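For reference, chains read A, B, C and D in written order, and residue numbers begin at 1 within each chain.
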Amino acid sequence: MGDQDIKKILEKAVSIGSEHVEQGNCASYIPELSKADKHNLGVCILTTGLDKYTMGHTRERFTIQSISKVISLAVALQHCGFDKVFSKMNMEPSGDAFNSLVKLDLTSDKPFNPMINAGAITTAGYLVQEVSFDDMVAYARKLCLDDGIVMDEKVYESEKNNCSRNRAIAYLLQSKGILESNVEESLDMYIRMCSLSVNAESLAGLGLVLANGGRHPESGSRLMDAHAVRVVKTIMMTCGMYDGSGEFAVRVGIPSKSGVGGGILAVVEKSMGIGIYGPSLDEKGNSIGGQRMLEYLSETMGLHMFAE
Amino acid sequence: MGDQDIKKILEKAVSIGSEHVEQGNCASYIPELSKADKHNLGVCILTTGLDKYTMGHTRERFTIQSISKVISLAVALQHCGFDKVFSKMNMEPSGDAFNSLVKLDLTSDKPFNPMINAGAITTAGYLVQEVSFDDMVAYARKLCLDDGIVMDEKVYESEKNNCSRNRAIAYLLQSKGILESNVEESLDMYIRMCSLSVNAESLAGLGLVLANGGRHPESGSRLMDAHAVRVVKTIMMTCGMYDGSGEFAVRVGIPSKSGVGGGILAVVEKSMGIGIYGPSLDEKGNSIGGQRMLEYLSETMGLHMFAE
Amino acid sequence: MGDQDIKKILEKAVSIGSEHVEQGNCASYIPELSKADKHNLGVCILTTGLDKYTMGHTRERFTIQSISKVISLAVALQHCGFDKVFSKMNMEPSGDAFNSLVKLDLTSDKPFNPMINAGAITTAGYLVQEVSFDDMVAYARKLCLDDGIVMDEKVYESEKNNCSRNRAIAYLLQSKGILESNVEESLDMYIRMCSLSVNAESLAGLGLVLANGGRHPESGSRLMDAHAVRVVKTIMMTCGMYDGSGEFAVRVGIPSKSGVGGGILAVVEKSMGIGIYGPSLDEKGNSIGGQRMLEYLSETMGLHMFAE
Amino acid sequence: MGDQDIKKILEKAVSIGSEHVEQGNCASYIPELSKADKHNLGVCILTTGLDKYTMGHTRERFTIQSISKVISLAVALQHCGFDKVFSKMNMEPSGDAFNSLVKLDLTSDKPFNPMINAGAITTAGYLVQEVSFDDMVAYARKLCLDDGIVMDEKVYESEKNNCSRNRAIAYLLQSKGILESNVEESLDMYIRMCSLSVNAESLAGLGLVLANGGRHPESGSRLMDAHAVRVVKTIMMTCGMYDGSGEFAVRVGIPSKSGVGGGILAVVEKSMGIGIYGPSLDEKGNSIGGQRMLEYLSETMGLHMFAE
């Protein structure tokens, strides 16, 4: 596929995505997030062959939000190992919204998976025992191939002032003996990680590293343990798009992770990383234009994991 | 019924209750509570005719725990009025355990009733805007006809250090806009109220005041608003014995409220207050010997609200 | 209170009830029920002193629906005894809608109480082993002091053709070993009982018999076992008004049972039976005008169980 | 990898699987299923290169049970199209047990996916409007490359006599307007499909056809629509191993579907079909030895979808 073909496909993808942004809305539960322009859309592709394609708002920074759960899980696997990480949580899709407390209280003694808030706060509890937040920023920069990543102070403050539900989840986890670290420190780590400022290109970078099995695309040096990469990609496949993960897997078939800041991280195995920005969300919290763009790219470029 | 008859009935009641204490256990989730002697049993009756009957451990002090929800509700009704109190919670039995978060998160936007923890913390949120804890101690002393009520510091500390689940409930309430006061202050008021130190006689005193429509049994002076008394007694009837309230109503038929400290407050309309102590609990958190004693008293003395 | 006073109170009650009927609607899930005129309202009082007061549509017949659960429970207690009846179900308010399957499947192995559909179908399973439907009609006539009670064929057919949810409940009960009788026969008994045709006067009759401890108000002959009467009245108090029972107990304080046909049966202990007709329902399935009428009567005539 | 290498790997796989069969049990809720010998284990591999490898009990027949959901979904997609099939159900993992009614009644108006019973009965409802059961047997034979498939009459009878919970699900679906076909006919189709008699080789055959994009491995003729194949494989990946699908995806990473008869169907994209027999089940209903065998094969042969 030639460069011009890909350019045209990206152009068309943004055009298709644009048709749907009006139906969604920016996240409103955190005041800072609601200030985004819901018409913005951008897509960046980075290939294992080191080609880069961009279209639309790919340099505009926004907060990573739930996509940070991928980085946190990767680092936790690296530092604590698979067995410890999954001693206190499962790796099952939950069928519930990402911020639900119900299953945790009702039918399970463990968070369903590391991609829902309860699981990610559990993961943060592991992290605070192992690394500093500065270490985590360094990890994020390295894995995203983006030295420009910093914490967005305004979003951090805004989230910190509106985190009652996550604090409730954290204390419930403590009451069940799941979260053994200090609750407020763990929650702070969780919120800081959500407040990292990325753009579509950073997400494409992270996607490329994952597509490349955890190795740097140029140097080939290992940035992440191979088994951790496999775990992370599989969990993105089954749990990455909130309670829309199953339908997304059918329609798009690319392991992805979305955040309510409007980002989507997508990993085309052994081939490319895709980063998306589009802050207009559907009712499940996924970028509405971003999903359409990925569906179009998957169809046109044959990226579905079960494409013929 | 003569004094000697009642003495004999109480003696028999304690004997029947004693047969069941081995099947239960003292509350274990708070270390201080687990130190109680589960064989202790006591019952005190105070009649509107100013007679007093006691048997067993009626002067031993223990913490009031959930029975404080009755006092807190009464004071909240007094200070804020029925409409405000029930603007943020309902008055329905929940069918769930007292410390469940599920219904609150799943099917309802309000705590089911003021007798479950979510409702009582909501009530504490009203109280901290109106009164000090010292005021609440004064109310408790007045309503229980017992000047000896103080806060048990050890239990308070122990509860404060083991309140993750209640803290989770409180923050969930805040996230839903139900708890509008400061969360930590409301939670502290809630825990302090649970830590009030009473005995079976204090509970009989409170029962007598409620049986007497809120008026002092000797002076006749009004201690509580008549409508508040009615509301409190009705909610005790439908929700007072945790998720065993329905069966207790059938078997005993006396509006009652239990606490995991082992106390039961019972109100025989226009006739008497009954206070019970028996820290051996069944799996729902109700005094196992206390329930048997009340069932026996109800049967023998014809105290069921639908007794012929 | 003189006859003229009571007449005036009833007149005012109907007038108050009428103000609310527009806000509700007739039951729509069964075509036949939706044909009722939602403006109809009637109230009948029968006293233990054998006085009778009526106002409005008290002779218009409608189907008894869930109020039949009271009769079925009474007969089951009579024929099988308390222990057997409650070996397969509990007597706790459920906090859920009357036709919910959730609790039954999720947190409990038994129906919560005999007033929700799952419990009433369980009760019907006991009945079909003991009595014929003709026997049940005879019981209904006797307990309601109304020889005119028959089964409404049209409603029966209509319900039979729209009972998928109840059939689902019945088979779920069978799968759990709760319903041991033939499922279709038990379901048919349940539906037939719901289709009995009564009026406000029949319900007042039933209320009077219950208020009178199960004895015929004139002859004094026992129509129902005393203990069964007590059980029935208590369960009406805690569970009779669907998931609005708790608030109704606070506001009205009279053991009652409603049906989606628009009827309410109310029992003022040792004093009177009240029968209500008003087919305009609130969202919980209770007669909207009927509840307002009862609240007014309770307030004006001091009928609340905890009235001073 | 040479033939002898694969033989050795299969031998080792069966040996590893055998170590775990004692920890599980045959399905007991249907008497016929409990008669299986839980020590049996077999594995068959069929490659796109037309090689065949077998080890252990690969010719012993057992009932297909939930693996039939794959065939039924494929045929429904073929006959009704994607849009119609998913107008009445979703494609999300549920986080609940396969036979749960809770989510269906509580939080969703549609079955979560076609791999849980509620979804499969919905699918059966589509099928009875389009095809006969004989047609379905013909489809099963064609897709499994096995002319020996018949319905096991004994298991069919046994299931038919023990299907109260599935009947409850079916009537609940009818009550919600999801199942529009005749309930008993749909349920019968569902049970008949579960009673199809296959062996590990039939499942390997079905796996091969799916791995081959729906085309016959020898003739290349299309047996199933390409898009239907993609949908089926994706849903197997996210929902195929009951509420253990997420962990299985992480550990094994091969789209699979299990049945309580002890079978597992596994599809290695563009490479091979694997059929497993091992009737000793874990508590989620998946073959306990079969899962270990697949985990070993995935690890040793590099079959994980995200293997390096």
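By our rule, contacts are C-beta pairs under 8 Å (C-beta built on N, C-alpha and C of every residue); 3 or more make two chains touch, one makes a residue touch a chain.
Quick caveat: nothing in here was measured; it's all calculated off a predicted structure.
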Separation of subunit D from subunit A in steps, with touching chains one step apart: 1
Between subunit A and its twin subunit B, rotation from the CA superposition, multiple of 5 degrees: 180
Subunit D against subunit C, contact positions shared by both copies (same if over half, else different): same
Centre distance in Å when subunit C and subunit D are each reduced to the mean of their C-alpha atoms: 48
Distance from the mean Cα position of subunit D to that of subunit B, given in whole angstrom: 54
Junction residues of subunit A, two or more chains touched: 106-107
Interface residues, subunit A side, partner subunit D - complex: 90-96, 103, 107, 112-113, 213, 226, 229-231, 233-235, 237-239, 243-247, 249-250, 253, 255, 269, 304-308
Footprint of subunit C on subunit D - complex, ascending: 100-102, 105-106, 164-165, 167-172, 174-175, 183
